[in-house]
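Supplied in structure tokens, the structure appears directly below.
By written order: A, B, C and D. Residues from 1 in each chain.
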Amino acid sequence: MCRWLAYGGEPIAMETLLFKPCNSLIRQSLSAQRSIAPTNGDGFGLGWYGDLARPGLYRDTLPAWNDSNLRSLAEQIRSPLFFAHVRASTGPATARLNCHPFRWDKWLFMHNGKIGGWERVRQDVEYMIRRDLYPSREGSTDSEAFFYLLVGNGLDRDPAAAFARTVAQVEAVMRANGVEEPLRLTAACSDGRRIIAIRYSSDRQSPSLFYGGGCGVEVECGEVRFGAGHGSVLVLSEPLDEDISHWCEVGEGSFLVAEDGKVRVQPFAPAVLAAA
Amino acid sequence: MCRWLAYGGEPIAMETLLFKPCNSLIRQSLSAQRSIAPTNGDGFGLGWYGDLARPGLYRDTLPAWNDSNLRSLAEQIRSPLFFAHVRASTGPATARLNCHPFRWDKWLFMHNGKIGGWERVRQDVEYMIRRDLYPSREGSTDSEAFFYLLVGNGLDRDPAAAFARTVAQVEAVMRANGVEEPLRLTAACSDGRRIIAIRYSSDRQSPSLFYGGGCGVEVECGEVRFGAGHGSVLVLSEPLDEDISHWCEVGEGSFLVAEDGKVRVQPFAPAVLAAA
Amino acid sequence: MCRWLAYGGEPIAMETLLFKPCNSLIRQSLSAQRSIAPTNGDGFGLGWYGDLARPGLYRDTLPAWNDSNLRSLAEQIRSPLFFAHVRASTGPATARLNCHPFRWDKWLFMHNGKIGGWERVRQDVEYMIRRDLYPSREGSTDSEAFFYLLVGNGLDRDPAAAFARTVAQVEAVMRANGVEEPLRLTAACSDGRRIIAIRYSSDRQSPSLFYGGGCGVEVECGEVRFGAGHGSVLVLSEPLDEDISHWCEVGEGSFLVAEDGKVRVQPFAPAVLAAA
Amino acid sequence: MCRWLAYGGEPIAMETLLFKPCNSLIRQSLSAQRSIAPTNGDGFGLGWYGDLARPGLYRDTLPAWNDSNLRSLAEQIRSPLFFAHVRASTGPATARLNCHPFRWDKWLFMHNGKIGGWERVRQDVEYMIRRDLYPSREGSTDSEAFFYLLVGNGLDRDPAAAFARTVAQVEAVMRANGVEEPLRLTAACSDGRRIIAIRYSSDRQSPSLFYGGGCGVEVECGEVRFGAGHGSVLVLSEPLDEDISHWCEVGEGSFLVAEDGKVRVQPFAPAVLAAA
């Protein structure tokens, strides 16, 4: 189980959210509170939007708490929309290529969860990736494969439909291979404008998902402060501080879109696939 | 283009061959002489047989000339059969998982060359890997995929047939995808007893391959000395010193087996596949 | 605070002690039980004696639980005397050069503890290192500096006297700089024959130190088994399993020498330095 | 011998100068043209000024040609003043801490050259570093030590005097230790406003130094284009393209200051130190 955070709103230095809160993501890398894996030390990643459509990417295999480059980048880079992820591997090797977020064109994707029986279904799932996208697949994680399925299923045109279809396809492959472990998906993606997140599991035991927001965000003495109003949104695995009034939990089977500082949550269900 | 070396014979410290010769593999990592890529700095790997059937593996992404751990291991570890490889990537990312040699069960495999049009054929080639072997595939290189095809084609029972069949399969997939670039293969594998090597290309322009041997091997003042007789064999990308009397070049389309200090070279041609 | 382990006795594969016990050192890297820093993820190191007087060294900055090379080396290498260390930095950067054990000539040294006020006393301590040894100093840790002081104080001739003198010198520099934090030292060194360990702190609150031994050592189902008699010795930060009958705690202010399977513990006190 | 580049002027994406020119710094990392060490693969570093007084720092031990993070940062980050460096070690270990540029407060420093007899003079040179600066020293290079001497000698108040005094001090220590090898210094530093560079050697054989500039800079088809006028300045180890009209060589014994797009070069000589 991993931990992640997505921010959209007025441009802020990434360190504001990554290092300053009392339960900051970097602190979660050493000891997450709501995670079955308290140590998320199997690499980390940062994706951010700047002047270009294509986002920046910085990933490495050191624990996040330990990386002097990460500290400097987080201090220097101001961004209106960024993703950060600390990894606790569910199997695939610790390697930069297996660190989240993943990037394709203008899209970023990151994930906390697992495709059940990944070793058994991987070859089939990979073969379903659209031919022209396949050269971009670099690692061996279920998360990256899921992302390229999403892209091939029209993430760019209709994200909700792309998720619904991809989940259905993956569940079909799992069934076909006799997998009984669940698919668990607490994931986020962005095109640089919207933050799209999902919380869904085939066994209704998804990793947690929260959001919060307001008119601007600051951190003082480890506590997050949102201004009244809206404009800035955080979507994340677990709250950054103890003040529960800041954070809304997103329920099982939900699809979230944050855009222009507003958050919409709608129910999510896999698509019904036509019989082959 | 990469550089590699395989040794079999009386147990020696790996540094004897990796560091001491004037054109040692580590020096080749900085500037190979017979290679189109003089710098082989995209990682390296070491595989060796010790007390267990399963060989040891040490791979990293630093340039080989620069790794203090490699120096210490090469100094300490004595082995009767080892592989060493310095990598110049032909595309796939620099990552431990993409460094040679690759290991499966008791087998090691390393490669210098390229499956032409790899980006276009990769998905098909990977789908041909035997289902039970697929979870062991960790990276994205053509070399590792070729290795798992080999294993699935009976490397353990009949190595020559496995190579012949695998080459034929890969060439068929290349043709089916309209690839015009060649397959080039100067590779070696071992089960801990034999060193098996191949030099084959669909365009007859394979990377170079040499062997040499004698009764024991020593390095003095940068020069390799083989004793009269046999017992120790080196199979490698390029000679380790200037004395050409030490080294036999292996011709295009050859299959080599070194066992008990003796080397057999026979012609190699791809298998004829039954029409599907 | 770090965790470490030293073994001497009949040659065994290093994985026996590093990976197999229920509270193995590698498990301690994720969550040590008797440590104030439960996560020891700031690099690790392995030092071992083989055929040469000079020991082998393998150190890296990844967490130990995460390093495929470490797993392979521990599986392959059998050694009659080896050191292993997992690091939780007390300040100095995470870098290979700052990972224990440190090596000089035939000696290995590793440490759990801290020279109080290191930032203030470092320049003076470093200047006390013997001139001809200084080029070997590569990192910035208090531990490595302490080691080179030890060597300069005659570690090779009389280890007990070298420790007594070095502790006294360091305490004198600390006093001269007005440092009130303690010196804490739970350390081990070896010349390939003996394991020498110390537990001493200026405030009598040293990190823990244990030893155990018998005629050979095995691990079954996570539990360590020593044969009756002697021959093999373990000296380590914390027990590897729950069976307290295996482990003797070494008291504050102790100096331990393990040789030929026998352990001698004697009181330790800093030397009295002649007035300058 | 290393290669480096400093840019000051209108904000540009760092990739413009690091990746796009035909003889870009990244290409120089694989094969520099005017260097005695053609491969500069022992790590790299990037320092840049953004919204804060304190510059950003990104350094790693991989070869620069091989680092996906570097590519992304260079693409994303626009800066009005940045330093980049590719390293070929003259001895000290490959480690992030030994990679240039070095940072202290708002200052950056990078170097190509060597303090002769470094192993012999290091302990004395380090002991000359101002006490309060010493905790910031992290590595073991001559370059970083020289930088902290500079800072202690008043770099902030009078850079020319600080260089003159530091060179004199280092040369005095070298003489006192009987070192006959030269001090060679082709270095740059910045406070975020000025680029200050020096080319000086005790044997008048300094590594090369060039500058060029104009009103804005672009790179088309691998060639650098400066607009007529001034505003942007490049100071660097070797020209980025073949057009020699772009580049002025800085002579031996020179001190250069680039500020507001204008370059001043004046003679440099070490200070005369008062007898102790």
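Please note the rule applied: contacts are C-beta pairs under 8 Å (C-beta built on N, C-alpha and C of every residue); 3 or more make two chains touch, one makes a residue touch a chain.
Everything quoted here is computed from the prediction, not taken from an experiment.
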Chains touching both chain C and chain D, listed by label: A, B
Equivalent interface positions on chain B and chain D, same or different at half: same
Centroid distance [mean C-alpha coordinates] between chain C and chain B, Å: 39
Junction residues of chain D, two or more chains touched: 68, 93, 96
List of chain C residues in touch with chain D within their complex: 92-93, 95-97, 119, 122-123, 126-127, 129, 131, 134-135, 137-140
Contact footprint of chain B on chain C as seen in their complex: 13, 48, 50-52, 54, 56-60, 68-69, 72-73, 75-78, 96
List of chain C residues in touch with chain A within their complex: 30-31, 39, 41-42, 61-63, 65-66, 68, 93-94
